[in-house]
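Please go over the structures that come below.
In the two complexes below, subunit A is the common chain; its partner is subunit B in one and subunit C in the other.
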Partner chain A sequence: MLRRFFLVCYFVAFSSVAVAADDVVVIVNQKIGVNKMTRDEVINVFLGRNRQLASGVTALPLDLPGSSVERERFYLQLTGKSMNEINAYWARLIFSGKASPPAQVRNQEEAVQMVIDNRSAVAYVARNKVSSSATIVYELNAK
Partner chain B sequence: MYFEMKKIRLIVLCVATGVIPVAHGESLGGLDFTGSGFLSVGAGAMLDGTNGGVAGRNCPCFITDYAHSSVYDGRGGLQWKPESKLGLQGTVALQDSRFSVTAQAVARSAKSGNINLEWLYGTYQLTDSTSIQVGRKRLPMFYYSDIQDVGFTLPWTHLPPQFYGWEAVNYNGVNLRHQTRLGEWDTTLNMLAGSESINDSGYWKIYNGPQSHTRVKWKNILGGDLTLVNDWFETRLAYIQSGTERQSETVWNNASQGYVAATDTRLTGQGSRQNIYTLAVNMDPGNWLLRSEFLYIHRPGATYNDTAQLAGVGYKYGDWQVMATVSRYRAVAANGGDIQGQEGHVSRALTGRYNLTQKSAIKAQFDRQKEHGGANWAPRYGDARLFTFSYDVVF
Partner chain C sequence: MINPFRKGILFGTVFSIVGTALVVSAIFIAIVAMNTAADTRVAFSKHTEALLDTVESAASIACFVGDQQLATEVVSGLLKSHEVARVVIRSGDKELARGDRAGLSYQDGQMIKGISRKIVSPFNKGEFIGEINVEPDVYAINKLVREKVYFTISMLVLQLFFVVVAVVLIVYYVVVRPIRSLSNDLHNIDAAAGEKLLAPAGYEENEIARLICDINKLSETLVAALVNEQVLRLQREIDAEKYRSIFDNAGSGIFIADIEGHISSYNRSFVTLTACQFNAHAQPPRLAYVPWSDVDKLMQAINVCLSSGVNQSVDLELETNEHRWLNVNLTAIEGMLVQGVVSDVSQVKQSEATALQRVIMDDLTGLPNRAGLECYLPETIRQGHAEPFALMLVDVKGFKKINGDMGMAAGDLMLRVAASRLKGCLKNTDWLGRLGGDEFTVVLPGISKRGAAESVANRMAGVFRKTIEINDTLITPGCDIGIAFYPADGDDLASLLRSAEFALSYAKREEGQDYQFFTLEMAATAEQHCKLETELHQAIRRNELRLYYQPIVDLQAGCIVGAEALIRWQHPTRGLVPPDVFIFHPKVKTTGFSRLALAAIMRFLNGGEHGLQARKPYGFSN
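Showing the complex of A and B:
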């Protein structure tokens, strides 16, 4: 009985680490024609290198506000770079006329709503903010 | 100097208090407006070096920006004039259209705060991965050329002067840019054509004296650059060719310690062609930062070709970063040029950076410049040791 109790505890603890509610995930509109994205594809979309998805749709990436913890975690886990480095990267592209940064939304709720309303929108939010009307295409903990 | 300091203080105050709005976009009457800007407040102190008068300057002298004639000289105390600058950029786009117009104005303390419109171009997005731009832009000779004024994006207080020091940094013309993915490589190809005309060259004030006047033309500019990125590895190749002309009215004469009419045939309108080759290989593995660039300029009708190299290694630790850099310039005699007349310099720099916020940083840098010119090379700016620091922000 005791062994069974510890086993349950182990699985609860393990699953809470593996799929934490505040993990950052990348979501898209269900009609975008993409069910999965690779790390390189997510980097390309959010760093403005190549925004054309495998389905042929040109992605419209959305950024959370600069003060957002999820934004900092997203870029750090995705690229290994701090927000200072990401901002320096974008300054380089903005002031040389090479690319535009992702459009900025006010909060995670707005990001989710824009993804639901806009076929080409791509956003990152905490897992517990994801609506069933959006598709998770990349998990930052995934290898 | 008093008014320049007042200007700088006003700018800092405006940014800090939000009088200059933090960037951003607005829509009005079918047009989308976006704005952004950058500010660098820099100062430096000459520590020591070769004493003497050179081209009307009291040296030791350290040139931080040839194109804009930014020079730290032998006066004592902090010098604020050479490197502070404010840039504002605005873009207007027709809503639901592929066309936009961008302008970037820069005020430099080196030019007494006068505002110059340095970028003004229209962009038409031909496809999602291809765009054409027409207007005035930065000449993309080197890796950091496009953002040479945006201190926040640079790992130094100023670009390595032995590498980033040329008479033309902008051009008027057209460029076509295409992005694609080749296997594992994110690839950007840019092709350009145009010309540049400078009425009062800052670059030639370095050599001919601060009060000299030299007109410079780069005609029939044609070239392109190719950038390949794979995760933390990035390489960039560029080729640019043009015809060059320059005409000086007066030049500094060391013998008479005054300005005289230019008689050197190289300064009186004789044209020459140039073929510019550059290569950059940069890496950012983990916390490391590796920078390298190479330049060769072939001038078929001249007695000297240009070579320059840059190498830097840095390490990031949290919000801190340290970087050591070496840059070297050397003219190489050709077509009967005097080997003892070759110009040459080497600079070594040690830089520390601390990120204050997500969009601002402070930096401190120690530079050591050594003269490596031939015995007949004049003017000689000599050796110099310089300490500089800066506050850089983008908004």
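Showing the complex of A and C:
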């Protein structure tokens, strides 16, 4: 009984922290006219299946550097797969040239800046890095 | 020699086992083939599933992004497996990749239903994003199945070969060899000498040994039976010799014959008695070769004897110079043969003939008597079928007188002379006999007309008119002849003789007429006379005869001097019969009638009332 109680407390604490600080969100340029994306749309864009957004604009997804905690968290929370698996996925596709992985930026700030500057850019950053000029279209959490 | 490959135990056994094994193997192979085909398909499925497991993530990715190149790589990877004929990867409605094994061309109907697997999104297990279809190579799978089945068949054939070899060896050594050895021993054994079979080495305890033991026992029993049989046969031969000796030396002739008269055996006496020499080498002896006078009678007796089983006895005459008579007594033997015992009965027959002769002959004249007549006349006369003939009775006149006056010897002489004279008048075919007294009987066969008979009768009357010298006295006898014809005047001997008697009595009565033919009137008159005689006898007894007296009156003296007595017959039905009807009847004299009449008259006269004196009446014949 006591143990279950602690478990519940842990989850509550963890989620509140995640929402509060480290939540990764997907942002797009405000002018693109997209306010909301579904999880599948996010997967399609970032894993190269379909880069057409709902408004008809071809999206340009941006990846954080490989060492980034946000990148690992993003893919894990989005697809349930580790970075190794994601890399292996791309390794399969890289030769056919049919799909290519997102372009890589140096850090979150650059990613935010690219989104602000580029109408078709789509990036994922920690919530606290998002500026008001970018639109959050999808929020990832530990759920 | 029997063909060992067709009839031998070895061949039969091996043939049966191989046959059974082939049938069972065929069933096994069919089952194995079916199971192998099924197993191979299951194995193909498992193998394909495993292959699909390995390529699933790649296929999933290819479908996810619609990457045809990646899909093509997956397809070519799968086609490396030999059993796969075709792989198709679809993503939604779109075919991403398709691959067919080179060198195979399938019609659609030939394809075995393949394996297909849904492809889920690599990032969302709940989303189906495509399908992969793997179709098997029927040829390859069938080839696989065939190889497995061939392997099984070759294993079974190998097994069969070893089994057959083993069976051949076992049957040969365990069964055939001892039996052949036993058979050879049995061929060469001399059972009568008490030799016995020995079990072949190594088979002293099994069924072969038991068989040998049984054969030995059987052989012993048979040999014992044979010895017994020999002893019995010897005994029987001795007995047979004994009986043969009796048979050969018997006084009676003995023969054994069948129904056809073939003689199967006979003894010496038979040959002696029948005076018949059989030549057994020339032809088998037959009863018919014996010179019987009536062989049919013998054959008939044999038939009756065989059919009824009752002993038959026949007397047969032999047609030899001696005319011997043989009696053959027949006994049936087992219904097929007859045994005949032949004995000479010539003497008995001779005595019989003499006795018969004595019975039917008249010693005095040497002529047949009445019994002789009965023997002479054929049997058929009693049935009225005989040929017609004439019968004559010849009575020598005056015989009684000569017999009385000159003595019996003279009478006999006269009869002998009469017989010889009569014989002289007759043909050889005619018959002459003396039925008794002075009466001769003549039978003239074939004569039915008066004319022919008359000439014979005249001839006979003629010879009797010639004188006979007896004791220096010349006598002319004369004769009376009564003639009757068969069958007109009597259809049996008795009635014919009676008719002739009637005719004879008429001939005697008629003077100057030597012979008379029988007529019906004679019979009628004779009958009437006979009746009257009977009635007259009754009349006397009943006192029906009455005397009536007519007085004779002396008219001068005026008194009755006598009376005429008239006799009358008061007949009960005919009334008053006049005396002329009966008084002259030839028999009246003999009936004592006259004495009765005289007595009655005397009684009347002695009554005394009438004053008459009795004297011999007039007109009374004595």
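By our rule, the second predicted complex is superposed on the first by the 123 of 143 C-alpha atoms of A that agree within 3 Å, B and C clash if a C-alpha of one lies under 4 Å from a C-alpha of the other, contacts with A are read in each partner's own complex, and residues count from 1 in each chain.
We adopt the following convention: a residue touches a chain if its C-beta (ideal position, glycine included) is under 8 Å from a C-beta of that chain, and two chains touch if they have at least 3 such contacts.
This is a predicted model, so every value here is computed, not measured.
Participant: Once both complexes are superposed via subunit A, do subunit B and subunit C end up clashing or fitting?
Facilitator: clash
Participant: On subunit A, which partner touches more residues: subunit B or subunit C?
Facilitator: Looking at subunit A, the partner in contact with more of its residues is B.
Participant: Contacts for A:M83 in the overlay, against subunit B (first) and subunit C (second): which applies, first, second, both or neither?
Facilitator: In the superposition, A:M83 touches subunit B alone.
Participant: For A:S132, is the partner it touches subunit B (first), subunit C (second), both, or none of the two (neither)?
Facilitator: neither
Participant: Look at A:Q52 in the shared chain and tell me whether it touches subunit B only, subunit C only, both, or neither; answer first, second, both or neither.
Facilitator: A:Q52 sits against subunit B, while subunit C stays out of touch.
Participant: Which partner chains sit in contact with A:S96 here, subunit B, subunit C, both or neither? Use first/second/both/neither.
Facilitator: both
Participant: In the overlay, answer first, second, both or neither for which of subunit B and subunit C A:G66 touches.
Facilitator: first
Participant: For the combined three-chain arrangement, which segment of subunit B clashes with subunit C: 115-123, 151-159, 331-339 or 385-393?
Facilitator: The one stretch of subunit B in steric conflict with subunit C is 331-339.
Participant: Identify the residues of subunit A that lie in both the subunit B contact region and the subunit C contact region.
Facilitator: Comparing the two interfaces on subunit A, one with subunit B and one with subunit C, the shared residues are 40, 49, 80, 92, 95-96, 98.
Participant: Which of the residues in subunit A come into contact with subunit C in the complex?
Facilitator: Where subunit A meets subunit C, its residues are 40, 43, 47-49, 78-81, 89, 92-93, 95-96, 98-99.
Participant: So in the complex, which bits of subunit C are touching subunit A?
Facilitator: 58, 61, 64-70, 122-124
Participant: Which residues of subunit B touch subunit A in the complex?
Facilitator: Touching subunit A from subunit B are residues 34, 36, 38, 87, 89, 102, 104, 119, 121, 123, 128-129, 133, 137-138, 146-147, 149-150, 152-153, 177, 179-181, 184, 186, 188, 229, 286, 319, 355, 357-359, 361, 394.
Participant: If we count contacts the way the header does, which residues on subunit A are in touch with subunit B in the complex?
Facilitator: Against subunit B, subunit A makes touches at 40, 44, 49-52, 58, 66, 80, 82-84, 87-88, 91-92, 94-98, 100.
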